[in-house]
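What follows is a set of structures for review.
Below are two complexes that have subunit A in common, paired first with subunit B and then with subunit C.
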Partner chain A sequence: MSRLLVYLIPFLVIAIFMAMARYERRFAHDPTHRGFFERNGTVLGIVFIALVAFWTLFLVVLPYLYMVQESFHPKLVAADRGGPKDLLTLEQYRSFFIQPSDGSVNGTHIWAFGFSLVVSAAVTSLNFAICYPLAYYMAQAGSVQKVRLLMLGLIVPYWVNEILRAFSLRLMLASKGLINQILMGLGITDGPVDFLGNNVGLYVGLSYAYLLVMVFPLYNAVESLDKNQIEAARDLGAPWWRIHKDVVMPYAKPGIASGCTMVFMLSAGSLAAPQFLGGPKTLWFTSIVYDFFFQAFNWPRGAAYAFLLLAACIALVMLMLRLFKVSLGETIK
Partner chain B sequence: MSADVELDRITVRFGQFTAVSEASLKIAGGEFFSFLGPSGCGKTTILRTVSGFLDPSEGAVRIAGKDMTGIGANKRPTALIFQNLALFPLMTVAENITYGLRVRGMNKTDRRRRAEDLLNLIALPRQGDKLVSELSGGQKQRVAIARALAVEPQVLLLDEPLSALDLKLRQHMRNELRAIQQRVGITFIYITHDQGEALTMSDLIAVMNQGIIEQVADGRTVYDAPGTAFVASFVGENNPFPGRIIKADKAGAVVETAFGPLRGRNPQNLKAGAPAILFVRPESLKLGKGEKDTTITSSVLNVAFEGNASHVFLKGAGKKDITLTVGRLESAKLPEQGITAAVSYDADLGLVLPEGKLARE
Partner chain C sequence: MSSQTIIKMMIGFYICLFFGYLFGPLVVMSITAFNTPSYPAAYPFEGFTLGWFVKLWNHRAMMEGLVNSIIIGIGVICVSVPVGLAASIVMNQIYHRARSLYYLVTVSPVLTPGVIIGISTVIFWRDFSEMTGTRPILYKGIVLAIFGQSSFIAAYCLLIIMARLQRFDRAQEEAALDLGASYPQVFWHILLPFLRPALISASVIAFLSSFENYNTTTFAILADKTLVTVLAGEVRQGTTPALSALAVIIIGISLAGAIAYEVMKRHEERQSAKNAMQAKIAEQADLAHAVVAPA
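Our next item is the complex of A and B:
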């Protein structure tokens, strides 16, 4: 029954699109304004709607809807699907908190969940701390040639694929890796530092993976700031840190929010970096989700876990946006 | 408190380009001093050097006798009003005005009171909670002035702050700026390319061209006794008659021009044979023949009626026409277009200056 509902939704969405097109024609306040079908012609209008509908439905809405309904079903073998045992249930969500096997608290998963969110938040802060000076330099301080060179230096390494990047970082940070060799060679440490075991590799890898995602929103936001604003603040006696706190950052707030949101969401949902760079005892939440899908073939539980993560991330981001008084609209400008 | 400002042989170079070369002058405390010149003449560079955003390549700026070399913009006793005002858009009017006090650590209640005082000074009482975007152009202007005055600078620097306003408001703000300057009594250094602004407001004007200070004098002197050909042609309208001096005596000099020998004052005692330009202002010319060496005869190209005055354009020797301004009361005698007319001037009102670059039209 619930699966049937999912397949009905596309038609509902198409109906909404059609209604919107009609509504626009009828309630346009400007008399010279022509409706959607008048502007594009009937055939082209239908094609546009169909294309947009296809995009939103098959690529965005439907897969998620399928997953949502999946998460409310028990894990069944193919033969039982749609049968009498296929009931709607909260069992998958409950299993995140309480082990279905012995009824004890599911500490491992809850810990991994919290750990992923906290580390993602830390990575976001670290990333911001690295990217803000960089973006400010590129947008306001640097000369054109230097900025172009810097941009190239930022972008080109991202042509290298993620796995290669992660593994080379692993080589660098390994106990017999380059960094440890240097540290020991210089006599700074006696034995090798376990960068991978204590998750330094994870932080570095995640921060680096989403550097661009943070730099460019910041750069865009800072770039449009009038230089005179900065000079005015300086002329009025503000030291450099106050200029940033009072003038540049408030102005760049939408860009900061946008960059931080994306980095946080992407880190929390990342798979490769935690797997390759995390310590042996580190359990990243998406790895658990991945295992449910591809190791245990428990799609319902995997889906439920994934949605828990999504919900928590959205809630956290919304909370932060509210705290910093940024509207959601501003962040996607 | 006001401070005197001294530029001591300041040269500012950007790479190969010399923006200001060997500028030296003294501005007395409490003076309204203007730098007047066409765009690109280096006047903004001088302002930025005084405010501390630029370091001179050579020379030094002294404020109240103290060498400012190595002292940053945020540590100088100056405040700058930007051409585009640069008010902080995300702060209220009061927050804008008291920003300089906030960074100096003044507490909130004192700031609030100070903001109200300043809002009264700029005739915007109780508007402190408004956003900058809610103000009109003239009001923003006044807020920018208040913001700069709030930090009690000894020198206020103004970078063409009126250029964004419309004509009526600009004229009104001139009077207001002058009044504010007299009320607070601090040194104002004003940058403008608008001679009207410079002449009406300033105690002293420095006329600049291509990085060089051409003349420093009060407005009347700059207008009546310009020191160089550039100043004569840049400040106010002027008709140049280039040529060579054929006679120089106590009464003045006679320049052989395209319109024959013409006489004028010779304040710089130029000798016979020197290349020179005779300047006669449009309002100094009158219709009708005069003495032989103060009469110009040419064909009338155009007559333009402008209400309080009319302009007659005669064919000049070069590309530029000779302009003659006729007051309202004499407008009945205006010549017709196309005829050949004789115009003349009092020999005292002609001015002979050494040859030099003229201001671009």
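Our next item is the complex of A and C:
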């Protein structure tokens, strides 16, 4: 029953979409307008539509809806699926708040959820602080040659994959790692500092992983700002911090929003950094989801948790965008 | 010392710090690949060895993973570049409000955490392949990895191709149509060559993002493996300089790619400067001709 609904929703959306397209065409009054198939040829038109339909339906919308649908089902073996035991239930969501085994409050998971979101937000602001000066320098002050070199310098480390980057940080921060060797060699500390255990490794790893994601939107946004505006502000006697606060940042707001949104979403959903740089006691929310799939084999509960994470992330991002008065469309460009 | 110099020095210091943060760990890791101790250490440097590269070469699972990663990467290009192209053309031809709904659906995978894309792909194809009886063909790690990754990589391709498509001059299309070309001919002979640079960079980006993806792949790959999932398993078990050796190879290839790109870009610039010069000369010749002719 619920599965039928899953297939119905996309068709409803397509119907709305078609109606919208038709309605808007009627009111657009474009005399040169030609229909979609006329403009692309029938065969090509069909191929385009088929490709887009395959993507949006089978790779995007239906999987999402299936995941949501799965989260409202109990955990069953394959044979029972679709049988009389396969009822809709809120059990998986309830288990996030209350332990199903003994009825106590599920403190660990709620804590991990909050911890992941708070740390992601902190990493986002940290990355903004680190990247803004560089993006500003590249966009407004550097020469063309220098900027291209810096750009390459930024991109090359990101061709090394996430896991190896986490591994390289682990080599630096481990108790036998280089930083501890230096600290002990200089006599600053007597024993090794447990950077991985106290989560410093996790914070550094997350920040390191998503530097690039912050730099580029910022750079793109600041780059199109007319230098004369900054000159004018300077001539009128504005100190440097007011130039940034009142001229550059308001102008670059869509880029800032875009960079922050991306970094926040990526770090809240990251798996590699917490798995390889987190301490043994660190509970990251996506790691819990991972364990539900690979250790407990409880897919419905994993799906429910994943959906909770997605909903929370979207809600937070929307809230921030609303606060800073940026539209979502501007953000993704 | 003037305040100008101080500011310049501060900027220089900051940039050094930034790139030190970026490259430092990679440099340290590269050194450990050539050092003899079996625990990857950069200091003290006990002896130079290439043994870790040999060990890497003999690592069966990693080589299997590498082959799978390449197959998946090619598969992702084959799915997501055509989809991105079609999606950008459709996007270009619809109106305002319908376009924002369409935009929301097509770009949402970029913002969705990879873990969620992986999970939803597996759940959907498990049920769908069971329902349609295609389980033996479709419910496979490699196929699901291609589908899961394409879901968001196609959106990257869409954004890249869109950016170029927006600069397309509709007058070219009109001219071709006036000269008697059919619509498919316009697509194959005018639009596609115009989009070629974007299609190439979309393919490169698609392959690279597929190759290094972890979050989505770790779910979608099921019982198979890719290079990255094998790596993740290795890192979880412990640390060995063989991983550093792999990183050295990847860094080497990246650097070579970066240099090649830089050389190509410079060559292209010189070429286009030359073309512009020639065009200018030709134009001036035409102009001179036009001025002379009426007399």
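Simple rule for what comes next: the second predicted complex is superposed on the first by the 311 of 333 C-alpha atoms of A that agree within 3 Å, B and C clash if a C-alpha of one lies under 4 Å from a C-alpha of the other, contacts with A are read in each partner's own complex, and residues count from 1 in each chain.
We adopt the following convention: contacts are C-beta pairs under 8 Å (C-beta built on N, C-alpha and C of every residue); 3 or more make two chains touch, one makes a residue touch a chain.
Computed from a prediction, not measured in an experiment: that's the story for all the values here.
S.K.: Given the superposition on subunit A, are subunit B and subunit C in a clash or a fit?
M.R.: Once subunit A is superposed (C-alpha atoms), there is room for both subunit B and subunit C without a clash.
S.K.: Tell me which partner A:Asp246 touches in the superposition: subunit B (first), subunit C (second), both or neither.
M.R.: In the superposition, A:Asp246 touches subunit B alone.
S.K.: For the overlay on chain A, what angle lies at subunit A between subunit B and subunit C, C-alpha centres, nearest 10°?
M.R.: 70
S.K.: Could you look at A:Gly83 and tell me whether it touches subunit B, subunit C, both or neither (first, second, both, neither)?
M.R.: It touches nothing on subunit B or subunit C.
S.K.: Is A:Gly237 in contact with subunit B, with subunit C, with both, or with neither (first, second, both, neither)?
M.R.: first
S.K.: Given the touch rule stated above, what does A:Asp226 touch, subunit B (first), subunit C (second), both, or neither?
M.R.: In the superposed model, A:Asp226 contacts subunit B only, not subunit C.
S.K.: First (subunit B), second (subunit C), both or neither: which does A:Thr261 touch?
M.R.: Only subunit C is touched by A:Thr261; subunit B is not.
S.K.: As a test of reading the superposition: which chain, subunit B or subunit C, is in touch with more residues of subunit A?
M.R.: The larger set of subunit A residues in touch belongs to C.
S.K.: Between subunit B (first) and subunit C (second), which, if any, makes contact with A:Arg39: first, second, both or neither?
M.R.: In the superposition, A:Arg39 touches subunit C alone.
S.K.: After overlaying the two complexes, what is the shortest C-alpha distance between subunit B and subunit C, in Å?
M.R.: Least C-alpha distance: 7 Å.
S.K.: Which residues of subunit A touch subunit C once you look at their complex with the stated criterion?
M.R.: The contact residues of subunit A facing subunit C are 3, 13, 16-17, 20-21, 24-25, 28, 36, 38-41, 43-44, 47-49, 51-52, 54-56, 58-64, 66-67, 70, 130, 133-134, 137, 141, 148, 150, 152-157, 159-172, 174, 176, 178, 181, 208, 211, 261-262, 265-266, 268-272, 275-276, 286, 289-290, 293, 299, 302-303, 306-307, 309-310, 313, 317, 328-329, 332.
S.K.: Hey, which residues of subunit C end up touching subunit A in the complex?
M.R.: 11, 14-15, 18-19, 21-26, 28-29, 32, 39-43, 82-83, 86-87, 89-90, 93-98, 100-117, 119-121, 123-125, 127-128, 147-148, 150-151, 154, 159, 182-184, 187, 208, 211-212, 214-215, 218-219, 228, 231-232, 235-236, 239, 243-244, 246-247, 250-251, 253-255, 257-258, 261-262, 265
S.K.: Give the list of subunit B residues in touch with subunit A in this complex.
M.R.: My answer: residues 51-53, 72-75, 78-80, 82-84, 86-90, 99-100, 103-104, 147-148, 151.
S.K.: Give the list of subunit A residues in touch with subunit B in this complex.
M.R.: 226, 228-229, 231-239, 242, 246-247, 250-251
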